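In the two assemblies presented below, subunit A is common to both, partnered first by subunit B and then by subunit C.
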Partner chain A sequence: MTSTLARLASGAPSRCFALAGAGAGDVGPWLRLDPSVAIVDSPRAADVLLVLGRLEGEMLHAAAAVHDAIPPPRGVVVWSPDGWSSRRWPFVDAVTVRDASEIAPACRRLRDDLFRRRLASSPDALPDLDPAPWRGVGPFGQGGAGMTGGVPYGRPLAGRADDRDGLRLDQILVRVGPFLPPFPPGLLLDVRLQGDVIQEATIPAPIADDAGASGREGPSGAPVPHGHPARLAVAADSPFTTALTRPVPIAELELARARHHLAWLAEALRVSGLEAYGLRALKLAFGLDLESAESIDALDRWLRRNVSLRWGTNRVGVVTRAQAEGLPGGPVARASGDDRDARSLDPAYQRLGFEPVVRGGGDALARWRLRVAEARQSVQLAKRSRTSESTPSGVIEDPRGPLSDDVPPSAGLVALLPALLVGMEWGDAVTTVVSLDIGVIDPAVREVTSEGTGP
Partner chain B sequence: MSALGVIVAVVSVAAAAAFGAYIAAWVDIVLARAVAGVPVRPLDALIAPVSWGAAVALKARTTTERPDGETWALAPALLAALAAVGLAAAPLAPGLLAADVASGIVLFGAAMALVVVAVFLQGWSPNSPLPMIGGYRFIAEGLSYEIPLAVVLIAAALPARSLAIAPIVVSQENLWNVIRQPLGLPLYLMAALGLAFWGPLALPEGVDLAGGSSLEISGVSRILWRVAQLMVLVAVSAMGAAVFLGGWLGPLLPGAAWMIAKTLVLLVLLIGARHLVARVPTERYVIASWAILIPLSLLDVFIAGIQALVAAR
Partner chain C sequence: MQGVAVTLAIFFVTMAAFLALRSAERRLSARASTAPARVPFTGGRAPDTHAWNRYHVRYYPMSLLFLAFDMEMVFMYPWAVVFVDEGLIALIEMFMFIVILLFGILYTWRERALEWA
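On to the complex of A and B.
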């Protein structure tokens, strides 16, 4: 029976729960185009835990918890282009691949071997223990601080508070992240929920870890001290990182920018429930060339005509002009009417007649439209630029915002989250976070927040 | 009905529901590929649901920290049973009806109203926050689709002066309800999306909740839940075909063929909505329902009432 099922199952894509770490780049989105792999939203629906790039510190511990949530038989595939490994690595039998083109075949082989029982399921990485010791007095957590104030297994019981309609309803405190799929990998949020509504959102203080002592390098090759914000969201092999110190062809930079925006659009469409149309955007992103402006126009027209998309993003997650001016710049600020764009200061871009794309409104809809318009503009700039190269000046306009040795491209966005999310329904909160395009976050980002960086 | 008749009816409905769910899964795959702009390959897509089912069946059923195991196990069975009851009320051809009761439309409405219980149990039982939010959502939006659904079904029954489904089909011999009551079918389909927590109204299972009420299920439970959801889609499509599109009525072909074809048309429309219409935020849907859909459904029943009065003179 099992062998018959395994034979039948071999026709299905290998279902992977992907954990993106530092350096994952756009491998995750690119994998979605491979029909032999299905990236799923819940570890419960996965066969394989797929680790892309580096995970360190508390991210590793969270990865182990995700691993244990995958039902057996399960396996682990790690994409590690530089052969990186950690002494705290929790998976003893992971399959490691260096070439991105090997990821999908490795996942498929591993899944088939597991189903045909040629390989044993990956054992639990963590002990199966209660998350915290029992601290209540009675059998249902009562006792402690008052008759219903116990904290069974370290979790506070649901409390009651007034809701927005004047009713007294239960509130629950939930920690989300660091690997909740619609959220940027690494983002941890403590939210107090009343039904579907966020009553309070905080970014928890970092847990001490030894990640900062790992000797990693910043974008310019300089060692990055523990807690330095440049540890965040910077892919070492990105052309934008290279352009900080060396001239890079503008065509290469702009096509990479358009690709990034379209891959972001694909993810945003997926989160909005339009996964199939998102794949169309993703195909366009990874097949992008100098003649793609018309295809982007067609995509833009479809997006504009889709009333349901407008309904779900209009007036959602508004970043005010004042908040935008507190950011270092970037698409989020430009969607709120702030026209700062590091390319405006580059003589090579000035010769091309570059004008920043700016939108008003500052909501998720404005950010969607701005990124699609920027993708189109980037293809046109790439086409016009011929052999022009960027001028290194220590600051480059990354697709997420200005990047320098001191400032990561999405600096300040995480600090905006608590104020933006309070009062929102969960669905709108996710739409907002996705529309900000924060990127991969190391745990150090919360230090940035606690230090008050950002508006 | 004899005991043998009951057994035959139950087996027939179960087989029809399961086959309908398989067809629905196939249509979903074909439409997804078409919208994504990748080669459709309809014959390959026929095996895809089987491969998926085999892959999921090979996985262990996991559990969570202190779930309510009984209600968690009950949820997919309840959903499947409710879908089967709904489908049993839809006639395939004259006299070919598993649940031939005088108030078939009430039976269907009652079964569909209880879907909310199954989805809430699925979300609440695993003792996990995101599934529970999914369950909450379904409760919150429940009335917003149940009221329009019930009202447009009542409107469709008015011309027949009967709550049984067969007379409602027969009453459409001269003019289908989709034309006689133009508001009815669009409102019914919108409510059906909510009822089947599908596409733009897949709110309890949205990507924003990483799967929501079904986030924690694996193995056979996952298969049962997905099949039961598709069975609900088939049931609402079949009832929509009977009540608004004239059921088995049609020239040349046998009545059953017409009924199946019309059910398929509605199934394709509902499944297509998943790939072309974005998820609707819960609060905005609820507001739109109470401000627009419910008043429109009341207008629909008002128009149907006037038509019935005029016809009676």
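On to the complex of A and C.
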């Protein structure tokens, strides 16, 4: 009977829980276009753990916990373009692929092998031990003070605290990250929740480990200064990283920017519960060319007409003009009325008549609209640019913000989070974090974002 | 006698189906049960506090208001029965009742109880 069920199940897509690390780039979103793979939001719903890029230090330890949370039979696929040694704890029996096009077939094969029992399930990485026994006062461990009796498994129960409606109710600490979709991979956030309202948000203090303490190399091979406010992982093969040091055709840069924004839009729509439209945006991003401006317009018109989307994002996660001026630049700052854009300083862009897209408001809605408008502008710029190339000046406008050897894009956004999230309902907090488009965070970011809650 | 036989047959068939499903579930289920798999998943870090808490339902002012208006119907049913006999007097009485309730709503509104707490 089991083999019959396994044969029937093999027709279904391979359910993968994806972990993105340094160097993962933007591979993750494209996998959603492959019908043979389903990217799930919880390890409990997964068959395969998909590791994209490099994981080190505490990220690796968290990955072990995610691995063990996947019910057996389970397997691991590691995509590591830069030859990161993947067959080590906790992925001792991982299938390693180098080519991004091999990820989906590898997941599918692995799942079939697991279900047909040609391969054994990946063994537990962590010991089956509770952090502490359940300590009650009764002979069977039951009873004691409090709702359940004492400190179950060494974990204290929720304490009460004042709430904004004048009641005194339970408040629990939830340790978010580093791998909780749709939050950016690598983001560590401790939130105190009372019902669904965030009463306190902090970026946790660093935990010393070897990976965090070593000087890792940043984009273009330059060492990233230790202690920078947001050491975010950037894919080394991105055209924007290349454009830091040598001229790159503007058409290539701008199409990559439009593609990035549309892929972000697809993810944001999916998180908002509009998965079919997200898929439409992703397909548009995948097939993007110089003639796609009209298709982006059509998508933009639909977004403007959608009332539920407007209700869900209007006046949510407002980044003030003052906060925006504290950022190095980027779409988040431009959606708050700050017109800084590294492309304005590039003579090649000036010749094309480039004017940065700026929106007021600074809320999630403004950020959505700005990115769609930028995607459209990028396609038009790419069409107009013909053969012109960017001028390397040490700073390039990445889709997430200005990128240089020592300042990564979306720098400063993580530090903004605690101030933005306090007082929000959980759904608004998710909308806000997604609308900031932070990207993969290097584990070493913890050392510094704990310093402050604002720019 | 026949009724007892049918009842017993239904009982045994149900029990057999229950046991068959239970054993199938045990054979087929792929539920992880190690300690790291049992904790609520919040991204890969171990929780500091237990997840069991009294969840704050923030719609409680609305539910109280709903109850108030629900009880209003208790008055309206007998009123509808005697309305034809009583005529205008009944209409005025209901009007006064609704106006008093309306003041209640305005007071709730002023106290901001209709906003999500």
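Here, the second predicted complex is superposed on the first by the 406 of 455 C-alpha atoms of A that agree within 3 Å, B and C clash if a C-alpha of one lies under 4 Å from a C-alpha of the other, contacts with A are read in each partner's own complex, and residues count from 1 in each chain.
Convention: a residue touches a chain if its C-beta (ideal position, glycine included) is under 8 Å from a C-beta of that chain, and two chains touch if they have at least 3 such contacts.
None of the values given here were measured: they were computed from a predicted structure.
Student: Contacts for A:Leu5 in the overlay, against subunit B (first) and subunit C (second): which applies, first, second, both or neither?
Tutor: Both partners, subunit B and subunit C.
Student: Name the contact category of A:Asp124: first (subunit B only), second (subunit C only), both, or neither.
Tutor: second
Student: Let me test your reading of the model: by the given contact rule, A:Ile172 touches which partner, first (subunit B), second (subunit C), both or neither?
Tutor: Both subunit B and subunit C are touched by A:Ile172.
Student: Quick one: classify A:Ala63 as touching subunit B (first), subunit C (second), both or neither.
Tutor: Second partner only.
Student: Quick one: is A:Val430 in contact with subunit B, with subunit C, with both, or with neither? Answer first, second, both or neither.
Tutor: first
Student: Quick check on the superposed pair: does A:Gly326 touch subunit B, subunit C, both, or neither? Answer first, second, both or neither.
Tutor: After superposing on A, A:Gly326 lies clear of both subunit B and subunit C.
Student: Go through the superposed model and pick first if A:Pro392 touches only subunit B, second if only subunit C, both, or neither.
Tutor: Neither partner.
Student: Name the contact category of A:Asp163: first (subunit B only), second (subunit C only), both, or neither.
Tutor: second
Student: Using the superposition on chain A described above, determine whether A:Pro71 touches subunit B (first), subunit C (second), both, or neither.
Tutor: Both: A:Pro71 reaches subunit B and subunit C.
Student: Common interface residues of subunit A with subunit B and subunit C?
Tutor: 2, 5, 42, 44, 69, 71-73, 130-131, 153, 172, 174, 180, 195-196, 425
Student: Under the definition above, what is the set of subunit C residues touching subunit A in their complex?
Tutor: So the residues of subunit C in touch with subunit A come to 24, 27-28, 30-32, 34-37, 41-58, 116-117.
Student: Would you mind writing out the residues of subunit A in touch with subunit C in their complex?
Tutor: 1-2, 5, 42-44, 61-66, 68-73, 124, 126-131, 147-148, 151-153, 155-158, 163-165, 167, 169-180, 183, 188, 194-197, 425
Student: What does subunit A use to touch subunit B in their complex?
Tutor: The contact residues of subunit A facing subunit B are 2, 5-12, 15, 35, 41-42, 44-45, 47, 69, 71-73, 111, 115, 130-131, 153, 172, 174, 180-182, 193, 195-196, 269-277, 279-280, 283, 306, 308-309, 311-312, 316, 425-428, 430-431.
Student: State the interface residues of subunit B toward subunit A in the complex, per the touch definition above.
Tutor: 31-33, 35-38, 47-48, 50-62, 65, 129, 133, 136-137, 140, 199-200, 202-203, 206-211, 215-219, 222, 274-284
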